[in-house]
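Below: one structure in structure tokens.
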Amino acid sequence: MRRLLPHPLLTPILTVVWLLLNNSIAPGQIVLGLILGWAIPLLSIRFWPDKVYVYKPLTLMRYIIVVLIDIVVANFIVARRILGNPDRLKPAFAKLPLDLTSDLAISLLANSITLTPGTLSARLSSDRKYLLIHALNETDPDALIVTIKQRYERLLKEIFEKC
Amino acid sequence: MNLLLISLTPFIGAIFTAAISRLGRLHSAWAAVVVTSLALLLLLPLVPDVFAGQVLIQRFSWIPMAGLDVAFRLDGFALLFALLILGIGLLIVIYARYYLSERDDMGRFYAYLLLFMGSMLGIALSENIIQLLIFWEFTSLSSFLLISYWQHRQESRNGARMALAVTGAGGLALLGGFLLLGEIVGSYDLSVILASGDIIRADPLYRPMLILVLLGAFTKSAQFPFHFWLPNAMAAPTPVSAYLHSATMVKAGVFLLARLFPALSGTPEWFWLVSMTGLTTLLLAAYIALFKHDLKGLLAYSTISHLGLITLLFGIGTPLAAVAGVFHMINHAIFKASLFMAAGIIDHETGTRDMRRLSGLWMFMPYTASLAMVAAASMAGVPLFNGFLSKEMFFTETLLRTDEVWGWLLPAAATMAGIFAVAYSLRFVHNVFFNGMPVNLPKTPHEPPRWMKVPMEVLVALCLLVGIFPAITVEPILAVAAASVLQAPIPEHDLAIWHGFNPAVWMSMIALIGGALVYLNRRPLFRLHYQLISHLEFKKVYNYLLEQLFRFSVQVTKALNPNSLQRMVFVFIIFILVLGVSGFSGGEVLLTGHRELLPVDGVSLLVALVLMISAVGTVFLHKQRFVALILLGAVGLGISLIFIKFSAPDLALTQLSVEVVTIVLLLLALYFLPQHSPTESSKLRQYRDLMVALAVGGGVAVLAWAVLTRPYETIADYFLANSVTGGGGTNVVNVILVDFRGYDTLGEITVLALAGLGIYAMLDHLHLTGTSHDASGRFWDHDMHPVFMASFTRLLLPLALLVAIFILLRGHNLPGGGFIAGLITAVALIMQYLANGVTWTQSRLPANIHSIIGFGLLIAVSTGLASWLFDHPFLTSTFSHIHWPLVGEFELASAMAFDLGVYLVVVGATLLILINLGLVHSMTLLPKTKKHSRKWKH
Amino acid sequence: MLDYLLSFLILFGAIFTFIGSLGLVRLKDFYTRLHGPTKATTLGVGSILIASAIFFSTRGTGISLHEILITLFLLITAPVSAHLLAKAALHLELNSLAKIPTKKVQQEGLEQANQTEVAQQTTEKIEPLTSSDGSQDQELAQKQ
Amino acid sequence: MEALISIVLGTLTACGVYLILRFRTFPVVLGLTFLSYAANLFLLVMGRLTIGKPPVITEGVTDYADPLPQALVLTAIVIGFAMTAFVIMLSLKAYAALGNDHVDGKHKL
Amino acid sequence: MLDIVLPIAFGLVAVAVAMSFWRLLRGPSAPDRILALDTLNINTIALLVLLGIHLSSALFFEAALLIALMGFISTVAFCKYLLRGDIIE
Amino acid sequence: MMNHIVIAPVLLPLLIATLLLLIRQQNLSFQRILSIASVAAQVILAAMLLRAVSSEEILVYAVGNWAAPFGIILVADRLAAYMLMISALLAFCALIYAVRKSDRIGQHFHVLFQLQLLGLNGAFLTGDLFNLFVFFEILLLASYSLLLHGGGRLRTKAGLHFVVINLVGSTLFLFAVGILYGTLGTLNMADLAVKVAASPDENVFLVRVAGFLLFGVFALKAALLPIYTWLPAAYAHTTAAVAALFAIMTKVGAYCILRVYTLIFGEQAGPAANLIEGWLLPLALATLIVGMIGVIASTRLRQQAAYLVVASIGSLLIAFGLNTNAGIVAGLYYLPHSTFAAAAFFLLADIIASRRGKINDKFDLGPMIAHKRLLGVLFFSTAILIVGLPPLSGFIGKFLILQAALTHSMLPWIMSIILLTSLLGLIAVARSGSLLFYRAQSMEAVSHIPEASVTVKTGSVTVELMPVISLLLLCIALVIYAGPVTEFSLTIADQLLQPTIYIRAVLGDGGIT
């Protein structure tokens, strides 16, 4: 099975992307999309060393929506900061101890942090236990850490890691 | 009649002789005898015809349009010369067999000698003057080989090269002269030329032609001031000197004067140039000959002097003088050859040629001495010997112009030369054979072997026979020879020993007595000579000039080609500028055309400014290489935007992809290269470069403006009209690429493939060691492959591949195509390299990238070749719309297969380049290959 | 109505694109500047892309959703770029308004690996920045 | 617009020319890249400036940009890329072989 | 409405381009310039999409997509160079 | 019936190169056989083409079945066929030599070699100016790689210079093509010829500028003064087989000059007629002079050979620069001669150098060369050949050039320069020959020179010499068949000087206005 369909999740994603690319849901394109969605993972199987498991797909959806909303909010906050007096900014670094272990989960967390309000994941410690975060305007880094762990990390752990 | 065969015999014989020498060294001597005799035998049957007054001509067509035929001619003069060449040649061949020592390579010697003989024969027998010139130059070459026969001796090598240079130069001048002569006459045939004397003399080209021809003749015949090579050629083995430097080769010059006498003579130019050169040479050489201590040196200068005499005779230009000239050629050949043989015997038997050491040889070799004395007497012009006869004719001819103001000069000079001739002949005889005992000779001399003397005996006998019985011995051949030289009946003349007491006899007597007196008083003369004149050596001048030539050449070459790229580029750019500017001349220059212009919008202005400022910024910051690269990225982006703005989406896509790969490659290179450029150019230099750059940039701007502002007609409408119907695609650019001009594209992917393969080949075995820290000394970050990057780029790979396929498939109808798709694929893989490194990525790619390129090319070519099956030209495309249930209608075009080939080559080539660069560094991870460590100090 | 929606989206996007770049000009250190573009431009360009999708989908030639791909793509890549830039900046020890916590990390006596990393960095920092001196470079290279 | 493009072309060329006259391989490579940009752009605009009319045959549209220069430039870009890649690698090879990155292998400083 | 908004949008994005470019020139650090170039890329995408709407042409989509892809890769490559020197080790 | 033979010289090397690429893992001897067979087949193809064009007028092949001026047209006229033959023969000899050793010292030699031929053949056959650019790039990139084949310090440096200057040249080519297209709206050379002749006054200067810029490109390829300086180092430092093959490279530039400035900017080009008259001849004369001065100044045999190539380009372009029937004939005779002679000289230099230990081809006192006699004879013959002494083809070529110049107004200059440089060449070559062969010492005598005391090659020389002898035989054939060769050259010249024949063949009667 794995040899024939190495990434069951990737095939539909690629098919959808194909249809998006072509701006078409013609039957021909769907067939072609499915073929490509099947063939490309097969061809690039060697570039995927480990399999990705999604334990809770619904939580993933929730997570995505949360992040998207945060992005919009973040933009307004950042915009205000930029338009405001730059001298009043109080940027800070904060260290986030990680509970996540999988590469993908950590990467997604880092991504989300960067995409959302005034924060930026700057460095991952080489043992992958700490994430250094830069905040645009943060007086209380500890509170920030707590928020992130609550809002994102918990969800990601549920989605990607068997508890 | 086969003159070709006669001429070729020695050449074929030379090869035969060289080959046979493997069987034994003496075999080649006999072979040479056989060859020479064979040529003589072939010639003899023709003699009666010639004596009957016929001119035999044999002609083969060669290069008709250039007027070059292989054409041979046998008339009296040619016959005389041929007989001399072969006759004396035969004697020399025999003589040399005994002269050469055990160590000498006889095969080589005889091969060269026969080569020379053939060349000389060719000169004598040529009807076509260009053919004559070919043989002429060949005599120079074969004489080079003969003079340098003893290669280990420096004087041989130098003498040979000098002879080659001087006679070669003459040959080249002669080529020029003959070309002009041919141009004047309209033919290179001697027969025509000899009949066109009046036309030639009247032509405006006569003067340059004459000078060039005479240069040829004078250099070959060692006339002043080109005489100096001949004494230096004496480094050759003596048989060679006897043959080349007395009897034959040096005669080629005077032969030419005689041959062209009817065509060229009879003008003041001829008279003054030829006679004055001859006179100077005659006198000067006779004088120098007296003071030479080297036996062969004396003979060499004597030869020069006698050649001057012959030249003078032809310069005087009367028919009788010409007859005398021909006669003296014969006589000189005979006595001088025998004298050289004598010198050779002496050298051979005593081991030296220095007359200060040679004395009293009469006691050791009386027989040889007697022979030599006869020949010397002939040289001195003593009555009863052949030399006397022609010399007396000469004296007679010098007296023709005594009624003119300077008319007495000629006989006086002739007599003076005669005095010196007698003196040096006396010296030769007295100094060598008498005058006390020899000094410190390397060998004890004795008579030479029998057959070494025979050739000399024959020649000396001829001296006497001709001298005493001229009418029956030499008159017949002289008559036909002179007649063909003059191209007219020969004038009344009488070859007798005694003509009564005429002025010539008095001149001879003065010469004989004067010569004896000079010789007797030689000591003060020698002293005077060595104090005043001896340092005036032409050889030194020649060597000095040669040295200056080499020095000058080295300087010029160094100055012109200093191995500097900037110089090269600078010169090229200036050249282009000059060319470009000169294009503006010669016609109306209308810089601004009549086309309606487009307005500038703000965004375009902004993009243009960004682009230009980035470009200028790159130049300003080029020493900070990394920053320059970032700015280059902005330039690339700007270019892409311009492409988009001006309706070229395909180009924008290509540019964007190419830009990234280029930047990746530059970054890779920058890692190994220094991070900064040092300041090396002076302010002045920078200013100069700036000016040049502005000039070129301005030129480009002006040209662009001129073109952009004028309307034009183009073939483009055809492509727009036929793209869909003929090429089956709506993206005209792509249809042009894969169909209308698919052949270009085939070439283009070949270029890309070549780049991949070339880089692969170039980087083979190249090892570069990277740095452990950056330019400011900071160690590199430890995190080789940041996790986020790795995980996301992995996700991006299938997406990018999908996009690539999308671009590939739609290319025919919408912007895209094989190139862009290939580059996107390559970039997607580069992303993997960036995120995961070479080793990781490499192990996941197909092992043989070369085959990907190969397959790509194969697919592209096969697509093109498939059209042959339908009897269409290469790359003829076809397409059709296929209806497939469920999927619907879609198009299949052969061009798409072609595009697939393109795609594969692009992917393959790009990867091959990267992989190699990756390997260059990864090699260094292995400790054993860590040979070339990076040099730090710059 | 559609016209208003489009106009709003376009204007909104343009303003955010503008603000993102404004951050580049106004903010005082690299780390704060990094916040502007990565966020503002994603939303800015995102809005414009959505506007484009709506614009082309409502022109009767079929739906046009491929703009979503670009948005998606930017959402994936922008944080990676930002992360790498921040990492590079930290590596180069660019001046920061906020305290760079390397020393703090040291004081807290964190895990061994991290400590050595930091230690390494400080030793490097001590080395004077005289890379032109060849001998010293060679020494460094050997040490490495 | 024509004048603007002409100035852009002139600037790119001038930058390229200045850089190829430098002493080190790296700026020379940059200069060649600039020249290549200039040549490509020049070739493109020889089909005259046309805004918003890509040569993709569309129903109802009759006016297109000249497609031929575009095809030529595409070829030229790819060839230029191949050449640039080659010269970059060659500069590395020269650096390894000559011991420094001076274009003439000189050891100046 | 769109006719009024589009020029304003073009203007705003153009100023954004100018500001990003200013940072690109100004630096002062290499990451600043890389960031500026990255922003310039994203501004360009906005510009292209606006142009697409302005000209009612879908032909700019691929270019925008490619700028996103290529811009990302060049940013990554530049950063990797600063971090590691050898970008594909 | 299609005459696919016109495109065969392009497709064959490309297919063979592809095949070689695909069988890369196979053993070398198989690759060699394939490569040699390909070149042999190219000789045959060239012969067939030569035969075809001597009877028929001009063969035209429309690639992709698109008519001129829209598609790309291959044109096999007499000149093209002649050039194909010369390059195929040369390539055969060079390849045979390479097969001995130098194809092993680097990667992909045979692929690159075939692609080099592809580039050459394509350039000779194309009738499209932009396609000429493409094939220029192919042959250049192949030549870059071949030049660098094997590596080494000086070779790499020379290669860098060669590559950079040629890249500048390629850019220039694009600019020139651009101006022509922008002004005339076409790329087909026949069509360009028609349009140049008909261009309105106000456009003439643009056409002229483009024509001059193209001349700059071709002058660079041909190594004409003032941009010959890339050649000496490049040719002197590459492997012998490659240098031998490169003897044809400069001729590509000469070919293009001949083609473009007779067809597009020739007598019938109206306001741009005889565009480079007044440029070519003086530059060629100057090239001959500096080339020969370089020959004198050379300190190594291979360097001397390289400068002889420069000088020969001077002579060749003097002939073409005369811009007459006779001049072109002379040039066309001189062209194969100088190509073969230079190749033979390079190969021989390599053979001699390999027998002189570390002294190599330096003009220094060296050890006695093994097979001195045979090598000496060959050196002597090659030297005569290349310096232009009778009776070999060099002399005939020079003679024809001088003869053609007789009616030219610059005759005094031409004649004195050709004759004087011949003398310089003679002096220089005599000096080197004397030094290499005559001054050579026995091993004992040079034992004190450390460089000479290294073991030198003494093994059999016959196989190695086969290509050299073949090249010399080709030159001798040029002497013997000088009549037919010049006759054929005359028909080439006739064809070139009447561009309407070419134009009609490509564009049909419609092309003639």
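Letters A, B, C, D, E and F mark the chains in the order given here, with residues in each chain numbered from 1 onward.
As a working rule, a residue touches a chain if its C-beta (ideal position, glycine included) is under 8 Å from a C-beta of that chain, and two chains touch if they have at least 3 such contacts.
It should be emphasised that the depicted structure is a prediction, and the values quoted were computed from it without experimental measurement.
J.: Could you give the fewest steps needed to travel from subunit C to subunit F through chains in contact?
T.: Steps on the shortest route: 2.
J.: Please list the single chain whose C-alpha centre lies closest to the global protein C-alpha centre.
T.: Chain closest to the assembly's C-alpha mean: F.
J.: In terms of C-beta pairs in contact, which of C-E and B-F ranks higher?
T.: B-F
J.: Where the centres are mean C-alpha positions, what is the separation of subunit B from subunit E, in Å?
T.: 61
J.: Take the average of all CA coordinates in subunit B, do the same for subunit C, and state the distance between these two points in whole angstrom.
T.: Chain centroid spacing, subunit B to subunit C, equals 67 Å.
J.: Centroid from C-alpha atoms only, then distance subunit A to subunit D, rounded to Å. What do you get?
T.: 39
J.: Could you tell me which residues belong to subunit E and also touch two or more other chains?
T.: Expected reply: 10, 17, 30, 34, 59, 65, 69, 76, 80, 82-83.
J.: Tell me, which residues of subunit D touch at least two other chains?
T.: 16, 20, 25, 28, 38, 40, 42, 45-48, 52, 54, 56, 68, 72, 75, 79, 82-83, 86, 90-91, 93, 103-104
J.: Where does subunit F touch two or more other chains at once, residue-wise?
T.: 130, 134, 137, 141, 144, 148, 151, 157, 160-161, 164, 168, 175, 178-179, 181-182, 187
J.: Which chains touch which?
T.: Chains touch in the following pairs: A-B, A-C, B-C, B-D, B-E, B-F, C-E, D-E, D-F.
J.: Of all residues in subunit E, which touch subunit D in the complex?
T.: Touching subunit D: residues 55, 57, 59 of subunit E.
J.: Taking the touch rule as given, give the residues of subunit D at its contact with subunit F in the complex, in rising order.
T.: 16, 20, 25, 28, 32, 35-36, 38-40, 42-43, 45-48, 68-69, 72, 75-76, 79, 82-83, 86-87, 90-91, 93-94, 97-98, 103-105
J.: Using the touch definition up top, name the residues of subunit A that touch subunit C in the complex.
T.: 17, 20-24, 71-72, 74-75, 78-79, 81-83, 86-87, 89-93, 95, 110-115, 118, 120-123, 125-127, 129-130, 132, 134-136
J.: Please output the residues of subunit B touching subunit F within their complex, sorted ascending.
T.: So the residues of subunit B touching subunit F come out as 61-66, 68, 108, 130, 133-138, 141, 144-145, 148, 151-152, 156-157, 160-161, 164-165, 168-169, 172-173, 175-176, 179-180, 182-183, 208, 546, 549-550, 552-554, 556-558, 560-561, 563, 565, 567-569, 571-573, 575-576, 579-580, 582-584, 586-590, 593, 700, 703, 706-708, 710, 712-716, 718-719, 722, 726, 739-744, 746-748, 750-751, 753-755, 757-758, 760-762, 764-766, 848, 850-851, 853-855, 857-858, 861, 864-865, 867-868, 871-877.
J.: Which stretch or stretches of subunit F touch subunit D in the complex?
T.: Contact set of subunit F toward subunit D: 130, 133-134, 137, 141, 144, 148, 151-153, 156-157, 159-161, 163-164, 167-168, 170-171, 174-175, 177-179, 181-182, 187.
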